[in-house]
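The letters A, B and C name the chains in turn, as written, and every chain counts its residues from 1.
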Amino acid sequence: MLLEIKELTKDFGGLRAVENFSLNIKKNDLIGLIGPNGAGKTTIFNLLTGVYEPTSGYVKLLGEEITAEKPYKITAAGIARTFQNIRLFKDMSVLQNVLVSKHFNVEYGMFGGIFKSKLYQKEEIRIKREAEVLLDRFGLQDKMHLPANSLPYGEQRRLEIVRALATNPALLLLDEPAAGMNPQETAELMELIRGIRKDFKIAILLIEHDMKFVMGLCERLVVLDYGKIIAKGKPEEIRNNKRVIEAYLGEVEE
Amino acid sequence: MEQYIIQVVIFMGINIILAVSLNLINGITGQFSLGHAGFMAVGAYASAILAKNYNLPILLTILIGAILAGMVGVLIGFPVLRLKGDYLAIVTLGFGEIIRVILLNMKITGGAKGLPGIPGGVTLLVSYFFALITVIVILNIMNSTDGRAFMAIREDEIAAEAMGVNITLYKVLAFAIGAFFAGIAGGLYAHFYQFLKPDSFNMYKTVDVLLMVVLGGMGSVTGSILAAIILTIIPELLRGFAEYRMIVYSLTLIILMIARPDGIFGKKEITDIISFKKRGR
Amino acid sequence: MVEFLQQLINGLSLGSIYALIALGYTMVYGILKLINFAHGEIYMIGAYIAYYLVMIFKLNFILALLLAMFFSAIFGIIVERLAYKPLRNSSRISALLTALGVSMLLQNLGLKIFGGDPKPFPELVENKAIFLGDIIIFNQQIIIVVVSIILMIVLHIIVRYTKTGKAMRAVAYDQEAAKLMGIDSNKIISYTFAIGSALAAAAGVLIGMRFNRIEPLMGMMPGIKAFIAAVLGGIGSIPGAVIGGLIMGISESLVVGYISSSYRDAIAFAILIVILLVKPEGILGKNIKEKV
């Protein structure tokens, strides 16, 4: 069992954003988290990554409790994420964006950097190589030295994913990775994610609104509405689930 | 005349240290600190008092003063962690003023009357020795993983933390290092002028240094150096128009912000521009 | 006890001044999310305008006050148009630095034009002491408090009950939405600066009347303290500015009375640091967290 989420609840003052969210994620799972807008999906991500502290409930990664740990510690423990609204380091180069993800793993300290020690030189070569390999795999190597915000939208989204992967996670959280993409880009993204899952042997939990994308890609789905899970299961089951249809229809009607 | 020029050049070295150290906090890490004069004051007075009252060599006292300044930097860095933008600016401004007021009211500092008779010894060599060390240290930091961590915090601290950067630690570190070098500059200042008064370290001093960082480009070490040189020389050239100096300065700041907020170099270094590649920093 | 009440009264008068200036800060921040560093200089300019009006035209107190308020309002609009409008879409740091620049510019222009020596503000209102047991109240202090209250009531009426006031509140809440509703946000922003400047100018004139001396840097400290007052009360909140101003005034008077006047400025910064660490949104402010 990779990630055990038990009855996570989050209140913001009088508003209950998430209630009793429970989910078990195994290594190499590919799970989709779906639901109407405002259902609490990104809140779940924020709870898992330490951005929010849950009101109650816990999260255990490989048996170790990580509930309410600081985000950087959770990343070091093995959970990485992308953001709904791209949060790249805009004025840093593509390469540097990825190198930041290597930071917590680097062996030399600040004095090593100041005096350019042998270890510094060795480590810099190592992480740059690792970053370049990753960028190459995702077709961004040519633009390595360009500022991140000079990339077209689709490549920026890709860079977000690369950056998260560079932290060597066991679990990758993707927040609306297909947002703003046309059908072709979406299909390519599906292939990309399948490839990541296979090659990197990691588990993936993703949030998406594009039903074709989610149904075609994920093994399991979890459906959220008003902060509560209303359905869990395989895509075929969810597709015909009455409560789920109502939840989405309700959204369209408004 | 030669003496005068040497003095200006020594002073330029001190300004370079100030600008580059402030740039680390404001430009590279993106923490908007307006309290730099306070750190400088700590270094200045500590070094001056240790040298004057205990006869210690100034190279040692400057270092001790800088360490003290660095500790004050940590002290200030911690509480302001959660603050952003305007609030951070005002609080650091407040801290800078509080330091000045404290120094004003201490007996050992001589208070408002000032502290005379400080041992000298800041030659061209000494000034640029420290300036060189400052620049090399900060450039090396920038080219290491810690530098990238600082910049990531500037760009997007939520994302930085999500990628594994301990933003609390690094924000405080930025203040500590910036304050340390400001303390060095303060020590040099003390042993150069051999006389100190708390008023020399008020908000105008911080704005002086701030203008250098902004003019050079927040985030560019090259820019800070260049701007420090420019803004040391120009006031000397305009000696006759001293009363207009502040007016020109403030107008320059306003026009810079409206027309070219990136300053001369923006976030780039001279190496980026020379290699003609469009590099991100 | 007597000392306490005495300082309380001094503090009330001082606090009213801070409140008047703080209102300008809070309104501008509410609308533009900008800390108008130069606001303290408007206070100074108001005092000088009144000074010259009285010296040259021999006007009485009320007329000088009103005209100073009027001209300062216009001045405030000009500053906004020239220095802040170009930066509406820039980063907050740029706007902050510009405000800093304007503040320094006005201070130094003041030094150049008016001269650095303090000018003796003519005695517009004869200073009379009123004794309540051992407590001294000066009629000038009463005038300060009364004028401040009147101005605040007028402000309240404008903001609450006039169309412009409603528009101001709308723009402060959501500028884009307000524009969509047909509100001319540029006009409203100018209006806000005008009102804020008028209030600051009034404070300047009142201080001139009370202490009979004005100098070009007189706005620096009161400006910072009034800003702290606005933050204390909750920046963006009008009643907050008033509460903050009073608290600042009273704390300062108490410190001066009980501890020492050397620390009168330090207490302001101490309050700022405490409030920003404990409750950064201020007493009446709302906590707005960044959306992840």
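One rule holds for everything that comes next: a residue touches a chain if its C-beta (ideal position, glycine included) is under 8 Å from a C-beta of that chain, and two chains touch if they have at least 3 such contacts.
What you see is a predicted model, and the numbers here were worked out from it, not measured in a lab.
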Check: Which chain is in the middle, if each chain's centre is the mean of its C-alpha atoms?
Finding: B
Next item on the list: Farthest from chain B by Cα centre, which chain is it? Let me know.
Entry: A
Item checked: Inter-centroid spacing, chain B versus chain A (mean Cα positions, whole Å) -> 39
Notebook entry, point to check: Per the centroid of Cα atoms for each chain, what is the distance between chain B and chain C, given in Å?
Noted result: 31
Next item on the list: Would you kindly tell me how far, in whole Å, the mean C-alpha position of chain C lies from that of chain A?
Entry: 48
Notebook entry, point to check: Among the residues of chain C, which ones contact at least 2 other chains?
Noted result: 292
Notebook entry, point to check: Which residues belonging to chain A are in contact with no fewer than two other chains?
Noted result: 51, 83
Check: Multi-chain contacts in chain B: which residues touch at least two other chains?
Finding: 158
Note to self: Going by the contact rule set out above, which residues of chain B touch chain C in the complex?
What the structure shows: 32, 79-80, 82-83, 85-87, 89-91, 93-95, 97-98, 101-102, 104-105, 158, 204, 207, 210, 214, 218, 243-244, 246-247, 249-254, 257-258, 261
Margin query: Quick check on the complex: what are the chain B residues that touch chain A?
Written below: 137, 140-141, 143-149, 151-152, 155-156, 158-168, 173, 219, 267, 277-281
Note to self: So in the complex, the part of chain C that touches chain B is made up of which residues?
What the structure shows: 35, 83, 86-87, 90-98, 100-105, 107-109, 111-112, 224, 227-228, 231, 262-263, 265-266, 269-270, 272-273, 276-277, 280, 290, 292
Note to self: So in the complex, the part of chain A that touches chain B is made up of which residues?
What the structure shows: 49, 51, 70-72, 75-76, 80-81, 83, 87-94, 96, 99-106, 108, 110, 112-116, 120, 123-124, 127, 145-148, 150, 163-164, 166-167
